[in-house]
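Look for chain A in each of the two complexes below; its partner is chain B in the first and chain C in the second.
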Partner chain A sequence: MSGPQIARRALMGTALAAPFIRPAAAQGGDPYVIGTLFPMSGPNGEYGTLFTSGAALAIEHAAQDRMLRRPMRIQAEDTQALPQQGVIGMTKLVNVDKAHYVLVGFTAVSKAVAPVGDRAKTIMVNGGAVGPDLAGLSPYFWNVIPLAHLETQAFLPFLMQRNLKRIALVYVDDPLGDAILGLLRTELPKTGGELAGTFSVPRTAQQFGPVAARVRQVRADAVYVASFGAQQAQIIKGLRDNGIRQPIVGYSALSIASVTALPEAEGVIFTSQKFDYTGGSEITRRFATDFKAKHGSEPGAYNANYYNAVRLFALLAKDLEAQNTEVNGDSLRATLLRVREFDLVGGKGRFDDQGNMSADIQVNEIRGGRVVPIA
Partner chain B sequence: MLFLQLLLQGIQTGALYALTAAGFALIFGATRIFHFAHGTSFTLAGYAFLFCWNGGLPGWIGTLAGIAVAMLFGLAMERLVYRPIQRHEGSFFTVFVAAFGVAVVVQNLVGMVAGRGFASVDTRLSLATEVLPDVFLAPIFWIAIAVAVVLFAALSAFLTRTHAGVALRALAQNPDLLRAYGLSSNRLSMLAFAVGSAMAAPAAILTAMTTGLNEAIGHHVMLISMAATIVGGVGSLRGAALAGLMLGVAESVALQFVDTQWAEAVSFLVLFAFIIFRPSGFFGVAQTR
Partner chain C sequence: MIAYAANLATIVAIFGILAATLNFVVGFAGIFSVAHAVFFGLGAYAGAQVALHIVPDALLACVVAAVVAGGLSLCLALPALRVRGEYFVAASLGLQMMATTLFSEAKAFTGGIGGLVAIPRPTLFGMEVSVLPLALVALALILFATALLQRGAFGRTLQALRDAESAAEALGKNVAAAKTLAMLFACAGAGIAGALFALHLSFVNVESFTMDQSVLVMAMVIIGGTGTLWGPVIGAIILLSLPAGLAFVPFIPATEVGAVQQIIYGLAMTLLMIFRPAGLVGDLSKGRATA
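For the complex of A and B:
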């Protein structure tokens, strides 16, 4: 092969490569990539929409306030709430999209993706899953939602006050369900209650009439539902349609529209993070007002949690930009541990050494399709 | 009393499984097309009824809409997906992947249009009352039984007493002979898809009232339909219906003996047992090679 031929080919190659070289050089001005690992389809797809709407509003507010030199953009990966899909999504986010910060939800997915994020030193923030073992999963894994043990600690005395001592538990066969089973087994006797019966159901179960028949047999004072997504609504309908008249209780996952809008869910009692949208801080009121204007409904705890997760990133990155420090997992973590307290929706968010935010818990009841705080 | 309660609930669930499985078996038996998107016909019919119900329309209009949507989807699949594939090579795997792909696309479209999450028809028909000590029964139990009996009687009459029905059975047994007699296998194939898909609609409507719907429910329906088709004997409508009923009863009655966790697994244990000990199913014809 002669010299001029090589030169011509090299020139042609360079010319073809030129359009791709320029964006690479301009990487410094590119947006911060906020990865999301939410279920966007399947029976838990409702959560993905809820989580994303909170995160998207925080990005809008950060842009309006010019908090950062670079914009933020969401890079979504659909997990379908399945650990395997979560790991695939997380691998892509850290290796291909070079995500700066990843929002996760669901206990099983969070536990599956944590080692991937830990190796890549990418911060993962959970605002939806409540499995107690999510605390301390990795130095790069933070929680902006109170975990199940905190919800249970606040809830059990309330149940005892109402004389709901014998609890039947219907729980999903999943790390979340197992965690709640473990908590009730150990915590209920301490408060004077007892576990009247436990009924595990697979994630894919659709028929709950026969389960209701078994639940009736144990003559419990209340039925605790520990599942998530569409299945929660199916369980509640299945129990109510098949003769369960006792109070149905549960945890924060019950705050989704498909449960609250269900006629059979009237009177369901559950715990969640405490938010005061009317009398709270300016940040809280702005969030609530803009959310309602955008979506036509009151925000829920999940909307607020993922808003907080993104706002937390904006606050940390702002601090790092001011010091001309690169925004990465280590610098974000160091800043979190240095500052500790942040102005978030709901008030001051305080983080412990493991990156868990503390929050007050409230007890809610579904009344007329709305979530009403009762304690 | 627990056993009686579980048995009654199993019969109700089994009646719905039987209707869906019979539709799938009719299509597969007549056309030999593995219509994986049959669960999607179920989903679409359920949501069509739900839209009409929530829109304040009478139940019979919703029912007709559900049947019409299921039939149209089945016909569209036959004309626009399966027939072009079969014109070229028509391998089982290609047909399966195409149907699976359509099912996933429609699932997401339903989620986008109807919302991602649980949806159910708010009716007192699904509310059970105590009919015997500790035995609860809802009015929908009787409706499910009546619908299943009437539809199977009508389907049997159609397949045995009408020219079209006899031709459909002939299509299943000897398509070449059918063509030699001047009948169109294409038209009969469309008829099989229309009738088979319509069978899923009543089950979908009753499911919307009892357990509720979500956009991904079609996959579960499809699993049960496949299991019932195998247990009943591939190609046997009667077998699929009986197997659907048996699977519903088995997964409910099993709770008398095992933990609630195992209810669904029981259906597949029954399936494995048949595959090992009676591979031809209830009414299938044993074949040797």
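For the complex of A and C:
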């Protein structure tokens, strides 16, 4: 083999290997690795950007406050909201990047990665998916978002107070929709309400004219939309385009830009975790001010949830550093169960034995493309 | 790093089985199915149910998955006997859509959209085992069987059907039996891949068995080289390890990681098909446009 051929092959080999060359193994001063398993491309890519911006701001704030001896850095993996991609990403985060803490979103991805994190004893934190079946997936799987059925439960007194007693439910046919259906069936009559009609829609459905026609027939006082993602905007538009004038209500998934920017979404009422950005705690006001300065828009619930997820890590790791204890899945979990209550954006976050957070719920209305708290 | 590489190798081996079995019907029999993910799914659910409710024995799960997926291959074989070419593509597309809906709705068997969780780790003769060696053995057996069938009378019959079905029938070849057996072999293989997938992930839901997955497996076959023995495996390695490799590129900002990776991935695929239109292992003289 001639000299130039060897040189060319060596060069090609080096170029191909370059992406895989990593710094030496983690040392004491190396950053804490916060892994993210979000959809960063595809139809759900909007969520990944929302989630990441909240987490990134929390890292900035922790660095400004010198909360930890070591910095934090985000290691992002694109799941495209698919379980298989999630498992590949989680395995990389755990085994290659040695992530200390992994942020996840989306129910199917969360369920798929939970066994991997459980075996590796790596903490996984969900701040986006609200399906009740996410509770108790693993001792190392926590939720920093009140699960949907808790939100709906807290919403019922408000609906009765507004005299919205006959509710038509348009729900996506999945565990989330089933949970809200079950809750409305049992709890609505107890508060003096009535489930006027239930309309299941497939996850992939995009046309809602026939559903709207059936909703109109039941003459409900309000229509509860239990879906998520871009489909919510299509449902709302489909209902309004087909003459449904009753109030449309729902839960925190409605706080995404593709819904709030929709003219037909004007007046939509939904619940979310309580975030008082003007009169709330100092942590909440600082988050809102800095987020607006950085991104030019008001923060949404998802921004705040993933901010809280990273802030929670910083608070737990700070506690462990003070005791000169290693920061790992077991020590983080033990600290969470010992402390239980944390100062987060929106107020106190309280965790149960399974790592599920409960928090105060507020009611919002979409007015002029903005989310305005009304109760 | 070893655990990550082993996990990736397991998924590559499972998709290698899927691509090799799809290649058997597409490349050798000329039956262009876009419903291979259906049989992958049937195998995954059958294997998961065995592991959850009977015993997590990998061999039993694979056998049951192969029987269920192979048995239900008649759903695809029946239209394959009546139509061919683009008409069969439409028929298999219909089956894929119907199956996706059934997977979402048959909650007792599939767990609906929520899927089946906490599938136990696989065992073999009572000992817990990793899925990687099982997947590699299954892939080797399927490639061996494919090579044997390809060289024998059955393989030549299939290739005759692919190239000129009417002529093959006129020469006395049993078209119905050949097509049905080809579908049976391919779908049973996809079922085995499904069972291994369920045991590896410990979780399955309908999102892994959609049209997108069928298209991905078809892309593995085409990029690797249709009608070749090793092409589909090479296609599976390329299509799964390229995005995994891109995840190591250090300079991409966290919020742009998905978009940049998808652009590089798409560009690489396009260039590959421009310069190797017959696939990486395919005949270089085939596939190029002629003036």
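FYI, the second predicted complex is superposed on the first by the 343 of 375 C-alpha atoms of A that agree within 3 Å, B and C clash if a C-alpha of one lies under 4 Å from a C-alpha of the other, contacts with A are read in each partner's own complex, and residues count from 1 in each chain.
In the analysis below, a contact is a pair of C-beta atoms (placed from the backbone, for glycine too) under 8 Å apart; a residue touches a chain by one contact, two chains touch by 3 or more.
Keep in mind that this is a model prediction, so the values were computed, not measured.
Colleague: Check whether A:A135 is in contact with chain B, with chain C, with both or with neither, and answer first, second, both or neither.
Modeller: Neither: A:A135 stays clear of chain B and chain C.
Colleague: Have a look at where A:M67 lands relative to chain B and chain C in the superposition and call it first, second, both or neither.
Modeller: Neither chain B nor chain C is touched by A:M67.
Colleague: Figure out whether A:M160 sits in contact with chain B (first) or chain C (second), or with both, or with neither.
Modeller: Neither partner.
Colleague: Go through the superposed model and pick first if A:V33 touches only chain B, second if only chain C, both, or neither.
Modeller: Neither partner.
Colleague: Would you check which partner chain A:S41 touches, where first means chain B only, second means chain C only, and both and neither mean what they say?
Modeller: both
Colleague: Return first, second, both or neither, reflecting whether A:P210 touches chain B, chain C, both chains, or no partner chain.
Modeller: First partner only, chain B.
Colleague: Which of the two partners, first being chain B and second being chain C, lies in contact with A:D173: first, second, both, or neither?
Modeller: So A:D173 meets both chain B and chain C here.
Colleague: Just chain B (first), just chain C (second), both, or neither: which does A:T49 touch?
Modeller: Both partners, chain B and chain C.
Colleague: Considering only the touch criterion stated at the top, classify A:V218 as touching first (chain B), second (chain C), both, or neither.
Modeller: In the superposition, A:V218 contacts neither chain B nor chain C.
Colleague: Which chain A residues are contacted by chain C in one complex and by chain B in the other?
Modeller: On chain A, the residues that contact chain B in one structure and chain C in the other are 40-42, 45, 48-49, 173, 202.
Colleague: Okay, in this complex, where on chain A does chain C touch?
Modeller: Its residues touching chain C are 19-20, 22, 36, 39-42, 45, 48-49, 52-53, 56, 74, 76-78, 80-84, 87-89, 91-92, 94-96, 107-108, 111-112, 114-115, 131, 133, 137, 173-175, 178, 202-203.
Colleague: Could you pull out which chain A residues touch chain B in their complex?
Modeller: 40-43, 45-46, 48-49, 173, 199-202, 204-211, 213-214, 216-217, 229-230, 232-234, 237-238, 240-243, 256-259, 262-263
Colleague: In the complex formed with chain A, which residues of chain C make contact?
Modeller: Its residues touching chain A are 1-4, 7-8, 11, 101, 104-105, 112-115, 117-118, 201-205, 207-208, 244-250, 254-259, 261-262.
Colleague: Contact residues on chain B for chain A in the complex?
Modeller: Interface residues on chain B, with respect to chain A: 2, 5-6, 9-10, 12-13, 107-108, 111, 115-120, 122, 126-130, 134, 136, 138, 210-212, 214-217, 220, 251-252, 255, 259-261, 263-265.
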